[in-house]
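Sharing a structure with you now.
Chains: A, B, C, D and E, in written order; residue numbering restarts at 1 for each.
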Amino acid sequence: MSAFISKRSRKAGLPPGTLVHIGERKADSTRYMMVRYNEVLLEEKQIPSPEEFFQVQEEGVTTWIHVSGIHDVQSIRHFGEILHLHPLTLEDIVNTEQRVKMEVYEDYTFVVLKRIEWADTKGQIEVEQVSLIFKPGLIISFEERSGDLFYHLRDRMRHPGSKIRKGGSDYLAYALMDSVVDHYFFCLEQIGEQIENLQERLLQDAGSTILEEIHRAKRETIYLRRAIWPLREVVNSILRGETAFITSGTLVYFRDVYDHTVQAIDTLEIHREMLGSMMDIYLSSVSNRLNEVMKILTIIATIFIPLTFIAGVYGMNFRHMPELEWQWGYPGILLIMFCIAVIMLIYFRKKKWLE
Amino acid sequence: MSAFISKRSRKAGLPPGTLVHIGERKADSTRYMMVRYNEVLLEEKQIPSPEEFFQVQEEGVTTWIHVSGIHDVQSIRHFGEILHLHPLTLEDIVNTEQRVKMEVYEDYTFVVLKRIEWADTKGQIEVEQVSLIFKPGLIISFEERSGDLFYHLRDRMRHPGSKIRKGGSDYLAYALMDSVVDHYFFCLEQIGEQIENLQERLLQDAGSTILEEIHRAKRETIYLRRAIWPLREVVNSILRGETAFITSGTLVYFRDVYDHTVQAIDTLEIHREMLGSMMDIYLSSVSNRLNEVMKILTIIATIFIPLTFIAGVYGMNFRHMPELEWQWGYPGILLIMFCIAVIMLIYFRKKKWLE
Amino acid sequence: MSAFISKRSRKAGLPPGTLVHIGERKADSTRYMMVRYNEVLLEEKQIPSPEEFFQVQEEGVTTWIHVSGIHDVQSIRHFGEILHLHPLTLEDIVNTEQRVKMEVYEDYTFVVLKRIEWADTKGQIEVEQVSLIFKPGLIISFEERSGDLFYHLRDRMRHPGSKIRKGGSDYLAYALMDSVVDHYFFCLEQIGEQIENLQERLLQDAGSTILEEIHRAKRETIYLRRAIWPLREVVNSILRGETAFITSGTLVYFRDVYDHTVQAIDTLEIHREMLGSMMDIYLSSVSNRLNEVMKILTIIATIFIPLTFIAGVYGMNFRHMPELEWQWGYPGILLIMFCIAVIMLIYFRKKKWLE
Amino acid sequence: MSAFISKRSRKAGLPPGTLVHIGERKADSTRYMMVRYNEVLLEEKQIPSPEEFFQVQEEGVTTWIHVSGIHDVQSIRHFGEILHLHPLTLEDIVNTEQRVKMEVYEDYTFVVLKRIEWADTKGQIEVEQVSLIFKPGLIISFEERSGDLFYHLRDRMRHPGSKIRKGGSDYLAYALMDSVVDHYFFCLEQIGEQIENLQERLLQDAGSTILEEIHRAKRETIYLRRAIWPLREVVNSILRGETAFITSGTLVYFRDVYDHTVQAIDTLEIHREMLGSMMDIYLSSVSNRLNEVMKILTIIATIFIPLTFIAGVYGMNFRHMPELEWQWGYPGILLIMFCIAVIMLIYFRKKKWLE
Amino acid sequence: MSAFISKRSRKAGLPPGTLVHIGERKADSTRYMMVRYNEVLLEEKQIPSPEEFFQVQEEGVTTWIHVSGIHDVQSIRHFGEILHLHPLTLEDIVNTEQRVKMEVYEDYTFVVLKRIEWADTKGQIEVEQVSLIFKPGLIISFEERSGDLFYHLRDRMRHPGSKIRKGGSDYLAYALMDSVVDHYFFCLEQIGEQIENLQERLLQDAGSTILEEIHRAKRETIYLRRAIWPLREVVNSILRGETAFITSGTLVYFRDVYDHTVQAIDTLEIHREMLGSMMDIYLSSVSNRLNEVMKILTIIATIFIPLTFIAGVYGMNFRHMPELEWQWGYPGILLIMFCIAVIMLIYFRKKKWLE
């Protein structure tokens, strides 16, 4: 639940642009990885301080700076000043509870995404904020943790003829976003398998833990929804050309991202619908079991209560009870009791209660 | 359920345009069928390799290439290169979990459709992806399986005066889409009959399997929804003239396709509403039966429990119980018991429990 | 239910424009009624074959042809050819499962409506398709059955000074549509009365047939919805001037039709809301009755079960049971039992179970 | 309920513009009240026949005619002819089941409103139709009943310096509409109080009448909704300048009316939401009570049924039952019974059933 | 609840612009605080009467007047006249049940906001209306109570180099709105914690008070919704440039406010969804407990009722009951009873009722 409780309140009353890290502290120090590349050149290095960046600016070379670990507000502010980023942009980068959005500033475009990962150990999803800044010739990506989120892109860059090397900075922007969107499908598949699994168990026996699990899966779809739905709008804005930064040759790739986003939304909504209808089935199976229990109680009680009454009658101690003296009184009354039981059973069979 | 779990994840991390077949392997080899026709000419032949296509290009002749079986990624890539298709188009063709969409490229229009077939043997629907590429004078259709999906169109072509022979490639585009849409009605009718059938059984006796069947029918409508809803947008785009490929004379036919799509959507939504309201009736009939069971238990118990108590009282072994000595004690107490039972029954009748 | 199952599938695979009558066969032969009128002239005649129509075309005279019975596909095709109607128009006319729509062709406007009639004998609604073709100076109306749907309009025409005689063909178009819309109110009132009736019975006793009747009324609103909702869009298109055929003087009358359509939609939605809330009340009244039954069972059982136990104790045959020998043992134990029963009743009264 | 059943059907088949009074007959005769005013002049008089109106037309004087009682179709038609009102306008005025709307004719604007009044005697709302016709210099208001709906406006006019005297006819139009909207708040407050009242009772005890009252309150919100929702669109049309009749100085007042309408809609929707959630609470409190009843039954039954069985065992008449002869048999068995009861109670306490 | 009942009705019938204070009387007197500042100057003073304001107007100095306590209608009217505010604006300021909105007048912009505070003592939210008037160089803020709502902004102003000192009046407008929006997060977090808390308790034991608490939390989200949803539209209007008052440099800050508003809406909707799904869980846990109770009753009753019957049979007083004379009759019948009980238990275990 706690992920739903925004901790923004600790910022209330501060002037805008005050950098306060909001969120769990997921990394200890901020690390800067710089990649410079074009079709012929590739240079990767980890640099200790952000100052080094601008000694190497060159025409025709795309620079990609990946910042991992954003809790060190001091360092981020310094970084932002060097790059002339708006204070509100920096504020959004360190606030890990930002919503997914795109903002077009005069000289750069700022995108906030949510990367979603399936944490196998916990069996649930984890959300990590990824912020991207696009400038012609320069891409900056921010990762909440101290990991190396986009290592596979660097891998691809190492192949000299690869598309990513030929494409400019806008193609890299696409590659970063595409990488985030691709991970949604992992999570959607995991949830899909959970649902399939729940569905099978639901038809066998509806234990009380199933309800909790349905509820948990539902909450995970809420997380995902929050990450994926606004992304569609973001990609759509790019397609409408709201940022002048993307060249028309790369637009077709963003159309592909849009496509994947819509597909993820579709799958998500189907999951949600499935979960909703499983809830219905769960509730009705609870009712059905109650019915079954009641039927057994009713069968037993309605058969034996009248018989017990008859036995009670002949257990009375009246002096003058002629039946008690009869030779065949006892077997006779046993026979009558047997007949009553049989009639009852026939009635229940007619009512289809014995199936 | 598995159809809802996208298997896209196996592509995550790969560069865009990497061809990976996603989906069940439904065919062993890729087959190419080429039809060339105009009002006077008709030539059909099955060709072993895609190279042959372009030796026969001619003005005034419409060429239709039908590719069946798309799992052979090698062959599809080769094919795509010959025809100068964008790598993302090829990626979408071999990914059978694409959503329904239309994409306009510079020199061709790409449409993804879902063909839905009612598999009688399984009693449920099956989804197959159909991709279409429209170029002036050339139509290419891709079928997931190795069947011959559009044989009836070739049949029609064999009649020299037929409309399909007179119409150009855009009329063929219409004919292909119309054929896919027409099949939706088959499935909708099958589901409609299922619903009708369920509805009758629901009013007779609400066995526990009905719930599962309602649930299954609901899931089938989800499949259909996914196939049909986005199609409306696709056809609408064509009607708005987003692809320059369609001549105005053929537009009226696409309006017809639009119409059928909307009609299919309407029918589908009515099916969904029906299923929802059947769920309600099912749940309430479960409650009703519980009520009935409880009433019988209550009638039996409330009549006999007091009587049994009276019998119990006169079964006590106190030395001084004057009633036991009375001459008419036993018949008297039987009479009292009878009166109590009758009063109870009158009360229940008043409460309308005995109906 | 069957009305929801489209029978369009029997057309799948046929080329477009192939005339296949879809729907129940409601008439045996196609009859043609021709009315020619202007302010001074009125000529009505039934004609055996459609050829006669065009021998009498005249400036300043409005011709209205009413075709009743559309199953005779041969005759309709012939008719269409004479009038140069598009094959798709003819296809829609004979397919009685068309949705409500308007289509503007180059030289005529085509409107499909659903006329809804309350069949008193069956106590439910019946849907009949009415197609209209508007051309300047010529109105053609198609009726599914062999009835005489618009006889009241001919009646009005017989009054020489009537508005319908003065207005041209566009006024007649209005009069035809208005006549169809007016009938919706009949059905809405019938359903309204059904609802009122159900509502009264619901508060008295919730028999199990009420659920079925609510369900049936709900289905009827689905029929009506399908007929009325798209009509709003149709009339709106006319008001927006999508068809050049309507003169501005007649537009105000179409605004009136629009108004009635919206009013019908409003009423329909209120009916639907009412039915939904009646369903809730029904379900809760079922729960309430279960509650009442359980309370009676509980009262009887909890009073007598302990008393029966006490009686059972003194019915035991132990040799040494001193109470049995006491002079006042029996009346004493009766008194105790009585006190227990009274205490129980007081407890139940406090719980408000005895009200 | 009957207010929801339109009685429009009695008009079906009649030509448009035929005046038929639809609705309850709420007045016996039609009365005409004429007010002529400007900043210096004020003249009020009741006039017997509509002819008198036009003898007094004057530049710079606003004329307000209030017509109360609209059932006298003859008189209304006469009135309409004098003022050159369109027959469809007159038709709408006498049809008291019109929906709320605005229609702009060439030389006047026609508005239909619903005035809602809280009938204290019945404890429910009453709907009355108010029609307004705006012409430059002339305002005509129609009231369904023979009351004097806008007497407070005439009161205000009697103050020579009042805004209403200074403002022209468009200000009067505003004042009339504002007066109608203001009354919605009365009703909303009454319903709000009903809801508050119901809510308190709901938490105390959920008697069966509460359901009916919730249902009734819900129906009243449906009435209100029908009156208020379309009004927003009407006022919005005025603000968009669809009627040229309003001067820009008065527009700010209409913006105020718009504001009030939106506020009324907000309040109404909150009421509806409240009622919906009260329904949920009601249903769950019914379930809770069933639970409580069942728990008591279960506690009593599960304690005494085993004890009764033990007593039954020692009430058997076998010759050889050694326990019966034991000195301490009877107190021993009583002790055992006591222990069983105590164990049961401890178990129930653990299950938290005794709280 | 009472906050939902508008008290506007006490104004019905009064002419527009009549100032009537609507709402609780939250302050005794109206106080005026004036702050004049620019980059070099800062002057704060509390002034007794509004006349003093305009003696100090100066180019390049921003004046901020904060009015706290709005119930003194006399004083507010006087104030409004001095500043040439429209009577309707004043009416909205003193009516504390205004909805959130922005209105653009010729020479000023008027914004109504709702400030929401979490009242710790009551454990629920409190709504206070804040009205803002923006004029170039002059900002007026109205607070419902006699507090000092924006003291932190004055604090910030005391730092000479602070952004708020450098920014003009439009930056102050932003700061005031941002301060209001920031407080929403406090409340959302409090409600979030309530929900988390409820959720934990829900899984442990579903006491009957939980329902009330869910209901109360739901009502609080309704309050918040009413405050936050329309704010999005207000800020959007500012971003679209509907008020000419904001300079483009400040617009980016309003985009930030927009962002926060959308984030607040998102969080709110997630809270609502959570509460809805908790309601479902609550209801199903009630059903589950009923099931459990019924199972125990059924187990006890179905085991002992047949045994009691057998005991009853051998408690009958027939003279000829051979079993009673048998040597092993008593232990034999005990053994039979034991076997019956064991068989029952095995059956229940198979049914999984004993888990």
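As a working rule, contacts are C-beta pairs under 8 Å (C-beta built on N, C-alpha and C of every residue); 3 or more make two chains touch, one makes a residue touch a chain.
Predicted, not measured: the structure shown is a model, and the values here were computed from it.
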item	value
Copies subunit C and subunit B - interface residue numbers shared by over half, same or different	different
Whole-Å gap separating subunit C and subunit D, where each centre is the average of the chain's CA atoms	26
Subunit A and subunit D, separation of their C-alpha mean positions in angstrom	42
Junction residues of subunit E, two or more chains touched	283, 287, 290, 294, 297, 301, 305, 308, 312, 315-317, 321
Topology of the chain contact graph, where touching chains are joined (line, ring, star, complete, other)	ring
Contact set on subunit D toward subunit E in their complex	152, 156, 162-164, 174-175, 178-179, 182-183, 185-186, 188-189, 192-193, 195-196, 199, 203, 252-253, 255-256, 259-260, 262-263, 266-267, 270-271, 273-274, 277, 280-281, 283-285, 287-288, 290-291, 294-295, 297-298, 301-302, 305-306, 308-309, 312-313, 315-321, 352-353
For the subunit A and subunit E complex, residues of the former touching the latter	1-2, 4-9, 11-13, 15-17, 86, 88, 92, 97-99, 101, 103, 105, 205, 208, 211-212, 215, 218-219, 222, 226, 279, 282-283, 286-287, 289-290, 293-294, 296-297, 300-301, 304-305, 307-308, 311-312, 314-317, 321, 323-327, 329-330, 333-334
